[in-house]
Each structure stands twice: as structure tokens, then as C-alpha cells.
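Below are the C-alpha cells for one structure; questions will follow.
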Amino acid sequence: ADIDLVGFARFGVVYNDGTEDWNLTNRFQLDVIGTTEADNGMEFGGKVRMRITSAGDYMNANGTTTNGFNDPMLWVSSDGLTLMVGNVEYALDNMPGLAMPSPGLLGLEFISPAISIPGYGSNAINGSDAVAMTYEMDAFAAHLSYDPVYEGTDMYVAYTFSGYTFALGYQDAYAYSTEWAAAVSGDIANIGFNASYADNGSDGDAYGVGFDYDINSALNVSGFVAYVDALDDANYGVGFAYDLGGGAALKGSVGYLIEYTVADFGVTFNF
Amino acid sequence: ADIDLVGFARFGVVYNDGTEDWNLTNRFQLDVIGTTEADNGMEFGGKVRMRITSAGDYMNANGTTTNGFNDPMLWVSSDGLTLMVGNVEYALDNMPGLAMPSPGLLGLEFISPAISIPGYGSNAINGSDAVAMTYEMDAFAAHLSYDPVYEGTDMYVAYTFSGYTFALGYQDAYAYSTEWAAAVSGDIANIGFNASYADNGSDGDAYGVGFDYDINSALNVSGFVAYVDALDDANYGVGFAYDLGGGAALKGSVGYLIEYTVADFGVTFNF
Amino acid sequence: ADIDLVGFARFGVVYNDGTEDWNLTNRFQLDVIGTTEADNGMEFGGKVRMRITSAGDYMNANGTTTNGFNDPMLWVSSDGLTLMVGNVEYALDNMPGLAMPSPGLLGLEFISPAISIPGYGSNAINGSDAVAMTYEMDAFAAHLSYDPVYEGTDMYVAYTFSGYTFALGYQDAYAYSTEWAAAVSGDIANIGFNASYADNGSDGDAYGVGFDYDINSALNVSGFVAYVDALDDANYGVGFAYDLGGGAALKGSVGYLIEYTVADFGVTFNF
């Protein structure tokens, strides 16, 4: 039985040409992860997260306002099969190749063709007591999640063949947009790539391509272009990460998102 | 000087024939316990707890809604004498043999003949800054607690003789029901038992008997029957715990509590 | 990369002749401090604090009411230069020799000639995302802080010469009182002392002297006299700390603060 404390922090500056202003931005995150292994090899675990983020001149305006932990995730895992309950990981939010790379300090807001999908709540309090199952065997992976509050199921299946991963996803809750999604990802000549499509129902279609490349042992660049009907216009961005060692990195990005040019620069570190 | 993190989690399903429904249930609990030993051997300590529990389709509805820690308990301890301040342990809530065994996943709601008594608050925020003392010497044990908000004192004395523990308790706050209580507990032919009685004042009388038995090195069964005037009718239940190793166990129970048949089944684990 | 948990607790009694009453008092504090070192020797860090304090018959009335953590401080540090963001340390609140010693259990309310100055928020939630820099080289130290919400800058410079530290400070936010301050501190014949002055603007002047002395390896006494226009009359106090080993100490004090005689007695310990 173990308890691990896993920390992450970032700070730097962020620009948005809607406000035409550079602002400070920072985040502090602490995960408390407890696990134990039963005699038959099954792993039981639980996790809570505290995430505090600054917004403008103030701390913590974009998450919980109480600086406590989020709702817990609990799980049991054995032979590639994991059952989660509580604040679970959802399928579309974890579907291989669906979301674009997250360049820079803030990840350019995690652009994904699949918009409005259920997800793990880093600041969730009093959220859904959901259920999810993931299964991995050799080249096959699947994820099924169910939210009892929205009475919604989402799922994906993925298969890896000759280094390329093909994934198909589906979601049926009225509260969320995406109806189905498809993605492929892999490496071509040491450049990671992904291409994905989502049918967002009444919010239209969306598709995008992304790349990720290690220029040398310290410097990585990544970027994407995504057309999302609900976000108007094309969205694109590119960023870099320079490894400082010890879990720290310099990161920066520039992009065009939802009609605004945005940029960020700063440092991230793990502890 | 040490800080220990002590975790507990459970998840499973619970049935109640009032709602005629099975529901998911889960809990995540983390204790942060700091202690140090002075040169003369006195131990100083402090403890806070975070407990998050699901209720129905939502997380955390039956405790604090902020997912923070509870009010701290602080103590100093030496030669069997412990002084506690803050969110303390109360006497009747810890009186040997008074409460029934807690079979199954949820412990069948911790039935005790002593109803409405002061207790340590696992979710308490802005609670009483109380004081308590416990003393143990050889076969003798005593516990005295005082709540300054309700201006109430509760206490017990216990004595163990030939393997049987006899305990007497008392409580005088108008905000709580129980006026006095008596209990005996021990083992007969490797079966643990307890029998207890409480005078709950205007809430009437209550009494009960419980048992606890290790069928083999992995399987334990326990149960009780308790008559509590304020809960109408007889309340009874039986449950099992199957040790999976590594601090994990399968647990289940079925019982009749406050006019409803209830049942639960799931897993608990420590980390 | 490391995560340190650093705990502090105190409990005891406090007297105030305004209420003519002795009251229980206690506090539990936990710091979570994450740090990592990059390959070039720079240190990156982040810290959050949970502090819960009793007030009268209740827990936690004088701080956050949610028992969560405070806003985080993040920093990067190299070669004596530290940059902090978030819930930062402010200059005047850390100026050498400015504040009086803090005798006894509660520190007699941290009397300082500089009143109403910005400070690190042990219970701050949704506070300012501020910036600060500190620099130390040989005998020289400087601290500059900026609060974007109050648009205020405060700073000090300090120089140590022949064992005496001279410091000058300045603050310009309208929301705070102190305009400038000066202090000297050091040791004379093994007795630590400090003398300081603050111009508190429309709140008048203030000055004080303090001392700190180790009578033997276990017993320390400290005290001060301070004249603060805004607090009327002279304020003075004296206290002791008796080291119990293991990070625990008995502490007590008596003083005259803001027209009332106050006293405290209790124990503090680290874990």
C-alpha cells in the first residue's frame, strides 16, 4: 500500500489580442494517489487532485473557489481491465489521436475536434458519481464510460497496426455535442502525427491534424490545424518545449484560436 | 517528528427497499497525522481528515461540500494519559462494547443503543473547540469529554476482568439524547460478543447484542440485533468480510434498519 | 524533485482583560512544498498552506471557513536571486529588524511599527496574483514586491556590517498605511536586539525596540516595547520559550496591547 504525492506547477505570461494584453498566469496542482495490491495481483486505487490557477490579477478564479480537492476517482485493475467509479476518465476525452497536441505553456486551450464532451473534472466538486471501464490487450484498447446524471454513455475502440493507431468513438448524451469521432495517429520519419474527425451533431463537423517532433534531446516542437464549425474559422497553433532537466521545461506557443491571436511563454515543472 | 498519510477507500453498491433501488456508493478518505516526541517521552500530535462520499448519482452530498479537510484534533500523550483539544474523540462514541459491530461495506449505519451522542466529526467544519481526556492503566480505562458549545460532558469508565470488559457511560448535554449506558464485551469460544444498554431519556430505552467471528484466516462474519425505541421495531443485520490481502477486502451485508431492508456489497482498501 | 510536508501545531490558553476570560486556543498548519532542480542548478518550487485556528468555542473562525489550502506561491531561484509569483512574500512583511519579536504562544499579535502592510496570506483564497523578487549577495539583501490588485509596490534594502543589519523600506499603495520604515538589528553581548521606525502616513508614526536572549540551551526570553500612534498608548510584552526537544516547546507571554492586558500559555510543536 502506497500513497504518492505528484505535483505540477507552471507560471509565465499569456497574450490574447482580444484584450491586447499580456497577463501573468500560474497554476499549482497536487495529486494524492493511493494504491494497494491484493494477494491475487489486483490493484486497488484512489486519487484526488487539488488544482489552483490564476486568472487575470487574481488567483484561482477559473476553478474551484475553495482550494480544496476535487471529487475522487476510485479504481480496481487487473490483467488490462480497469473499472473506475466516481470522478472517472471518460472515453472521448482519452481517445487516442482525437485531441490535437497541446503546444506551449497552456496547451492552446486543448483544441479537439470533439467539442463539449464529458471529461474528468480537475476542479469538480459535487459532480457525477460515474462509472467507466478500460480494457487493453496487445494492440487493442477500449474505453466505456457512463454518467448517471446526464444518463450518457461514451466509448471508443482503438487498434494499433504497424505503428499506426486507429480509433473510433461514440457518445449519446443530449447534454454533450459530439455524436461520433474517428482518429488515426502514429509516427512518420520520427515525426509524430494525428488526424481526427468529429461529428458534433447540431454543432456541425470538425477535423484537424497535428504533429509533434523532437528536434534534439532537449527541444520539442508541436502544432496543429483544426477546422471546427462551432468555433468558426480555422484554429491553428505551434509551440516548443525546452527540457531544463529535473522535470522542468521552458515552453512557449503562438496560435489563432476562436478568432483571436494568442501566445504564451513560461516554465513548467513537476515535483 | 513524522507526518503519516493514512488512506481508506471503498466502493460498491447499496440497496434500500424504501427506494427499491440499488445505487453506487463510494468513499475516499485521507488522514494527515503529524506527531513528535519530546525528550521526556511525551508525544504531541495533530490530525486532520478529508472524507468524500458519494450519495445517489452525485459525489460528496453527505459530507462537507468543499472537499477540504475537517477541523483538526490536537493532543499530548504520556504514560497512558492523553489530553485532546479541537475536534476530539468523545466518550460515548468510543465506549467499549456500546456500539454494535459494523458488518458489510457501510457498516449498516453504525447502529448503537446510544443514539444522538456527540462524536468526532469526519466532515466537521467550524465545529466545537472541545476538550477530552483518556486514561488507560492496566485493566482500567476512562474517557471524559467536554463540548463548550453545547456545554455538555460525557464520560465512560471501563474495566477488563478475565477477558470481559465492563463499561459504564454518562452524558449530560440537553442537545443529546443518551443519559447513561452500560456494556459488556469479550470472547466466548473464539466468538467475539457485546451486549449493551442505553437510557436515551425522552427517546426511550435501547439495547442490543452483537457478535464477530473469524471463520478462517480470510473470512469474518459479524452481526447484531438491537431494539431501539426511537428507531421503532427491532434492527438487525449480518455481514461478512473476505480479506484479499494488501489491506483490501470484499464486504457485504444485509439487514433490517429503521423499517427498511438494506443490503450492500463492495470492496474496501487501505493505502 | 521532492515534495515536503511541513507541519506546525499549537494549543493552550489565552487571556484578554477586555473579555476578562481565559479561552482555549489552538492551530494546525500544514505546508506542502514541492521543489525541483534543473540541470543548470536553478531551483523551481511551489508551496500551499492549510491553516486552521480556533476562536472562542469554535474551530476555524478567524481564517478560511473551508479548511482547504491557501493560494499557492511559485518561485524560481538561482545565485541568490528569487522570483516569486502568486501568493508571494512581501518586502515590508519580511524586512529585517522591522517587526518586534513574537513572544509566547500567539506571538502577542505580531506587533510591528509598520501597520497595515501587504503580506503573504496564510488563509488567502482568491487573493492577488502578485510578483516579488528577492536578492542576496554577501552582506546585501533586497526585496521588491508588486500587487496588481492594489497596484502597489513595496521594497526594502538591507546591509549587514560588523554583525549589525541596517534596513530601509518603502511602500506606495493607497490601500496600505506605511510609507517608509527603517530598522537596525544585531547582537550585543549575546542579546539579540532590534530597533525600528515606521512612517505610517495618515496613521501617524511608530517605533519600537525588541530583545531576544537564550538564558540557557533550553530557555529563551524575548520582549519588546513599541509606540504605535494608530494603536494608542505604548504596547509592550515579554515571553518565554522552553525547548522540550523533538520540535516541541512550552511557551507563554504577558503583554499590554491596544489598551488590554493579554497573556497566553501553551505548547507548540513541529512535525
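As written, the chain order gives the labels A, B and C, with residue 1 at the start of each chain.
Criterion: contacts are C-beta pairs under 8 Å (C-beta built on N, C-alpha and C of every residue); 3 or more make two chains touch, one makes a residue touch a chain.
Keep in mind that what you see is a predicted model, and the values were worked out from it rather than measured.
Shown here, the protein chains touch in all possible pairs.
Taken over every residue number at the interface, the positions common to chain A and chain C amount to under half, indicating a different-residue contact. Computed from the mean C-alpha positions, the centre of chain A lies at a distance of 41 Å from the centre of chain C.
Shown for chain B are the residues that touch two or more other chains, namely 66-69. Chain B contributes residues 5, 7, 9, 11, 24, 26, 28, 30, 50, 52, 54-61, 65-69, 244-248, 267, 269-271 to its touches with chain A in the complex.
Within the complex formed with chain B, the residues of chain A that make contact are 1-3, 32, 34-40, 42, 44-46, 48, 64, 66-72, 74, 76, 85-87, 124-129, 131, 148-149.
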